[in-house]
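What follows is one structure encoded as C-alpha cells, with my remarks underneath.
Should a chain be cited, it is by its letter among A, B and C, assigned in written order, with residues numbered from 1 in that chain.
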Amino acid sequence: MIATKSSPIDQLCAQLDEIVLIDPHSHINPHAAASKNLGDILGYHYFTELAHSAGMPREVIEAPGITAKEKVGRIVEGLAHLDNTIQVKWLIELCDRFFGFQDDRLTPDNWEALYDHSEKLMSAPDWEQTILQKSRLEAVFLTNDFDDPLTGFDTKKYIPCLRTDDLVFHLQKPEVRQRLAKATGFDCATPAKLIHAIGQLFTHFVSHGAKACAISLPPDFEPTPVSHVDAEGPLRAAYAGHMLTTEQSQVLSRFVFWTIAEFCSEHHLPFDLMIGVNRRVYESGVYQGQDLFDQRVSLYQYRRLFNAFPRVKFPISVLAHASNMELVSYAWIFPNVIANGHWWYSNIPAFIEPDCRSRLEAIPRNKNIGYYSDMYKLEFGWPKFQMYRRVLAKVLFEDFVVGRHWSEERAVELGRQILRGNVETIFSGAC
Amino acid sequence: MIATKSSPIDQLCAQLDEIVLIDPHSHINPHAAASKNLGDILGYHYFTELAHSAGMPREVIEAPGITAKEKVGRIVEGLAHLDNTIQVKWLIELCDRFFGFQDDRLTPDNWEALYDHSEKLMSAPDWEQTILQKSRLEAVFLTNDFDDPLTGFDTKKYIPCLRTDDLVFHLQKPEVRQRLAKATGFDCATPAKLIHAIGQLFTHFVSHGAKACAISLPPDFEPTPVSHVDAEGPLRAAYAGHMLTTEQSQVLSRFVFWTIAEFCSEHHLPFDLMIGVNRRVYESGVYQGQDLFDQRVSLYQYRRLFNAFPRVKFPISVLAHASNMELVSYAWIFPNVIANGHWWYSNIPAFIEPDCRSRLEAIPRNKNIGYYSDMYKLEFGWPKFQMYRRVLAKVLFEDFVVGRHWSEERAVELGRQILRGNVETIFSGAC
Amino acid sequence: MIATKSSPIDQLCAQLDEIVLIDPHSHINPHAAASKNLGDILGYHYFTELAHSAGMPREVIEAPGITAKEKVGRIVEGLAHLDNTIQVKWLIELCDRFFGFQDDRLTPDNWEALYDHSEKLMSAPDWEQTILQKSRLEAVFLTNDFDDPLTGFDTKKYIPCLRTDDLVFHLQKPEVRQRLAKATGFDCATPAKLIHAIGQLFTHFVSHGAKACAISLPPDFEPTPVSHVDAEGPLRAAYAGHMLTTEQSQVLSRFVFWTIAEFCSEHHLPFDLMIGVNRRVYESGVYQGQDLFDQRVSLYQYRRLFNAFPRVKFPISVLAHASNMELVSYAWIFPNVIANGHWWYSNIPAFIEPDCRSRLEAIPRNKNIGYYSDMYKLEFGWPKFQMYRRVLAKVLFEDFVVGRHWSEERAVELGRQILRGNVETIFSGAC
C-alpha cells in the first residue's frame, strides 16, 4: 500500500496523532524521566544489543569509565549495519522531531554536532515538560519495585504500577528478602506472614495511586493455587538460605503469584501479565540484551487463573508473535482477558500489523489496549507510538474505511478507543 | 488494497458469488434449518459469547424463561462494544440481504422494528427455500449424532455426516452407552462387540446417504492402533461404570478412533478431522462459548494414521492459525490429507487471507476445500461464505491475475474448484 | 499490490536481477551440474511429490526401467492438478527463459515438442556455462558427503561444504562407519579416535576450499556437550554393531555434533544449521518426498551451542514458518546467529514475504542472507531466486522506498547486500 504524504492513510494517521495519550506501560524513572544527552538515548538496549549483534565487542560498548559522549561515538560506529532496522528509524525520527536533525542517517561525521546541539536543548529546565507536550503524553505508567517509596513525584502524571517479578521469582535471593523485610517490617518465613507482607505492599501502592500490578513470566510458568501447607516447606527453606530444588522454586513461585492475584482481586487492580520471556539466555550479551524466549507456550497454561479470578482484569502481552492468535481467542471468550500492546521482540511493524488486524476483527473493542511504549526515557514515546499509529491507520483504512465502508470519523473513533479510551476504563483505579 | 465498488477484486468476487454451493460442514438441524425470529440469529454463540466477553453477565443473556424478543433486546445492548468484529459484520450483512435492513448498526433504537419485520418474513412457509436460493446453497452437510434416525428430511439437500465425538471420547458416560445400545441393540462391553456396533452405525449412515464421518479432537490426541487385548480392560471398566484413569481413557479413545477409521476405509467415507479444541476451558462461559485451545499441537501426531489409511481421505481443519503451515505441508505430501476450510477461531479474514494464500500456492488444487459455514441456522451461510469469497477474490486477483498474469476466467475457474468442485469430488459418496 | 510490467516494484526487481550471485546452498553435483533433458527437471522432487499427492500412484511415477521421456510424459499428466502451485511456476518460467517455451501450461499436448527441443539445447557442450551466465550465477555452494574426494571440479565455482548428517545421526549404520574408515584410515571406536578422524575430514575439506559445514536437524534435537566418558559406551556399542537405545543414540549424536562445532571454531568455518525436519514421516512417498516436520521446536534448544561457540557463525534455516520470529529475535541478540534463506516448505511467497519483512526490520543488515536455491540442477537457480527477488523488491519498495522515504538506490544497495554481499562476508573462507 503506497502511503505518500497526502494518502488517506497518512491523513487518518495525522488524526490519530492528535490524540492525547496515557502510556499504560513504561520503565520511566520519574525522578529522571527525560534524557540528559544522546548517551541516554543511544544507550537504550535496542541500540547496544543490535550494535553488539552486528559485531561490536561488548567491551567496546560497555567499557567502564567512558563518558556518555565517548559511548555515543562508539555506538554510532555500529549504526551503519543497523540502518535497516525499525529501531534506528525510532532514533532518526526522534532526533528529527526533538532536535531538528535533518539527515537521514547518524554517522561518524555528523553525530558530534548533534550530540552538542541536543545536549543544549536537553539542559533546558522544562525539557521534560517539552517532551511530554510534543509527544502528547498526559500520563505515563511506571513499573515500580515493590519497595519503591513512591514519593517525590506526581503520581497523577507518573502512575505507579507494582512490579512483582522479584516477589514471585526471586525470594531465594537474600537481598530480595531483606528488601521485603525493610519495606514491610516483616520476617516472612511462613505463608501467613508472607501474605500479610504482600498485603502491606498493596496497601502502600494503592494509597499512592497505583493503578496496576505487573509481572513478566517465563514460557513454562503455569499458575495454580498452592495451599499454605505445600508452600510452607519451600518458603522456610528459602528463608533458611537453602538452595531450592526446581520443584520447590516452582511451588513457591506459584504460591506468591496466586497470592498477588488475590490481592489484585481485593483491590480491584488489573494484573498485567507479560508472558513468555526467558531471562539470561545469552549471558555474554550487553546489559538488558540477554533475554530471549521459547515460542512453545500457551495461554491454556493460565486457564485456572482466568477462571479463579473473574473480577481481576488481566491485560496480557505476549512475547512470541505465534501467541497472538491465542490472545485474540482468549480475549474473545474470557471477560477478564484483555489484549495489551505489542511487546519487545513482537514490537515491529511486520508483527504488529497482522496482530493489530486480528485483534480489531475479533476482540470486543473495549478490551483491546493498542499500545504502550515500554520506554526507559520519555524521548522514545513519540517514535514508538508513531510506529504503532502508522500501522493502526493502515489497518483502520484498509479494513474499516474501505473494507466495511465506515466513515473516517467512525474509524478514528475506534482508533481513539484503542489508543486512549481503553487505558482509562481498564485502569480506572483501585478501590 | 483498495476495493471500491468497481474494483477488479469486487468484479472477481461477484463472479464467485454466482457459484452454487454445497456447504461441506454445518450444524444445521434439518427439521428446523432456518431461523424463526431474530432470537435464533442473535442467539448464535458468536454474539452471546462476545457480548459476555465485553461485559454482559451470563445471567442476563441466559436468564431462564425470557422470550426470544427479550433476549434479542438484551444482546443488542452489548453490540456497541462489538461493532468492530467481523461477526457483527455477518449480522448486519444478513439483515441487509434477507430483511432489507438499511442501517449500518443494530442498536437499542432500531432493533425492535427489525425484529418484528423480520419475524413476519421468517414466518413465510417457503422461508427456508428462500434462504437457500438467495444464498445459492444447493445442499448442506449436517453433523449428526451417531443415533440420529436420519429420517424425515431430504438427505440429498441435507447430507448426513456421522459425528463420532461421543463414541471416541464419551463412552464413559452412561447416557452415551445407553444411546449406543438403543441405536444398535448391542451391549458393547467387549472390543469385538463394540466394533460390530460401530459397523452397524456406519451401515445405517451410509444407507441414508451419509457422505462423511467427522470428529473434533483435542490438541494432545495422538491416534495409534490399539489391540483388542489392550482395549478390553478400559472398555470393560467403562461399561462397569468405573472411573477410568487418564491412561485408560486414552487407550479407549484411540481404540474407538482407529476402529472408525477402519470403517471409513471400508465404506470409502472421508473422515473430517477438526484438530485442536480443548473443551470447557472457561466453564462459566455462555452456552457454546466455553471452548478454547492450546496451539502446541502438530500434525506429526497423525503420521501413523495417514500412513495406515491411504484409502481414507482426511479433510482437515485446524483450530490454531499456527497449524496452517503444517496443514499446507502435509497436504502437499500426503495424498490423503486435504485442507478443509477455516475453523472457528481461525475463521476471520486476518487469518483466512494468509492461510488461503499459502494453500493456493502449495497444495494441489484438487485437495483444497475452500470453506464451510459451520452454521447452526441457514441465514449465516451467505455472510460467512461472502466473507471468504472476498478474501479468495483478493488472493486470486493479487497472486494469480496480477502476480502470474492469469486471465480472470482462469482465476475464477480455480475459485470454482476450491468453492464447489472439490466438495463434489472429495465427498463423492460411500461405496 | 498491483505489479504490472512498468510498476516501481518491477523496476526495482529488474535492478536486483542484475546482481551476480553466489548461491550459498545447493545440492548440485559438480560433475553433472546442469540437466540433460526434461526428465532431470520434471524429476525434481517437488513435481513428483505434488503429482503423487494429487493422486498419481508412486508406481506410475517411479516405475523401474522407464525412460526419462516416458517419465516426463507421465508427470505431465498430473500437472493439471498443480498449475496453481508456485513450483509449477518455477517450471514454466525456466522453460520460457531457457527453452523459449511460450505457452503458459505444460500439457499432454505440448510437452513432447518441448522435450525434444530442450534436449537439443541441453546437449550443447557449453550448456552448463550458458545456464550459469543466464542465471547470473558466479559460484554455487555444494553439500558434500564427508567422504567426497572433492576432485575433478573447479572448487572456486562449485564451493565445497561438508555435510555432517551422516556423522551425527547415522554412525550406527555399518556403511557409514565403513565410509568413515575408508575416508580417514581410522577405526573410530573411541571418542579420541573419532575426534581425530573428524579432524582429518575438516583438514581435507578446508584444503579443498570448503567454506561451510552443514547439517539438517530434527525438531527434538538439543545440542549439549558430552564428555568422552559418556560418549564412549554408545560409540563402542555402535562400532560393535549393537542396536543403540534412544538415549544412547542421542548421546552419540550430541557428542559428534559438539565435536563438529569445535572443529568449525578451530577452522573458522560457518556451521549451517537447517533446523526442524523429521525424516521418512511418509514412508510410501516418492523419492525425497517423505520428510515433514513438527512445528513444536525452539531455538531455545540451541542456547548452549550459541553461547559455547562465539567464534562460529551459525547461518540458520528454519523449516517451520512459525520459527521465523525466533530466528529474527535470536539473530537480533546473538552475534553468531545469522538468518539464512527460506527452506523447503517455508520456501513459498506466502511465507517468504512476512519472513523477509520481519528480517529486514529487526536483524542487522550484515547478518541476513536472503536466499539460497537448494537446487539439484542448475536450471532451478534462476526461477527460485526470481521468486525471492520479486518478494524482496515488493518489501523493499513498500517498507523502505515508500514507508521510510529511502531512495531507490539505497533500497537496491540493501538488496545487494542481502542477496550477494553477505554471502561473501559470512562465508569468507576458512583460515
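Here is the rule we go by: a residue touches a chain if its C-beta (ideal position, glycine included) is under 8 Å from a C-beta of that chain, and two chains touch if they have at least 3 such contacts.
Please read all numbers here as calculations on a predicted model, not as lab measurements.
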Among line, ring, star, complete and other, the chain touch graph is complete
At the subunit A/subunit B interface, shared numbers over all numbers used: above half (same) or below half (different)?
-> different
One copy, subunit B, sits on the other, subunit C, after a C-alpha rotation whose size in degrees, in steps of 5, is 120
Roughly how many whole angstrom separate the Cα centroids of subunit A and subunit B?
-> 39
Touching two or more other chains - residue numbers and ranges from subunit B = 1, 296, 322, 354
The subunit A residues in contact with subunit C across the complex are 1-4, 49-50, 52-55, 81-87, 89, 104, 278, 281-285, 289-290, 292-296, 320-322, 345-346, 348-351, 354
Sites on subunit B touched by subunit C in the complex | 1, 296-300, 303, 306-307, 310, 322-323, 325-326, 328-335, 354, 357-358, 360-367, 398-400, 402-406, 414
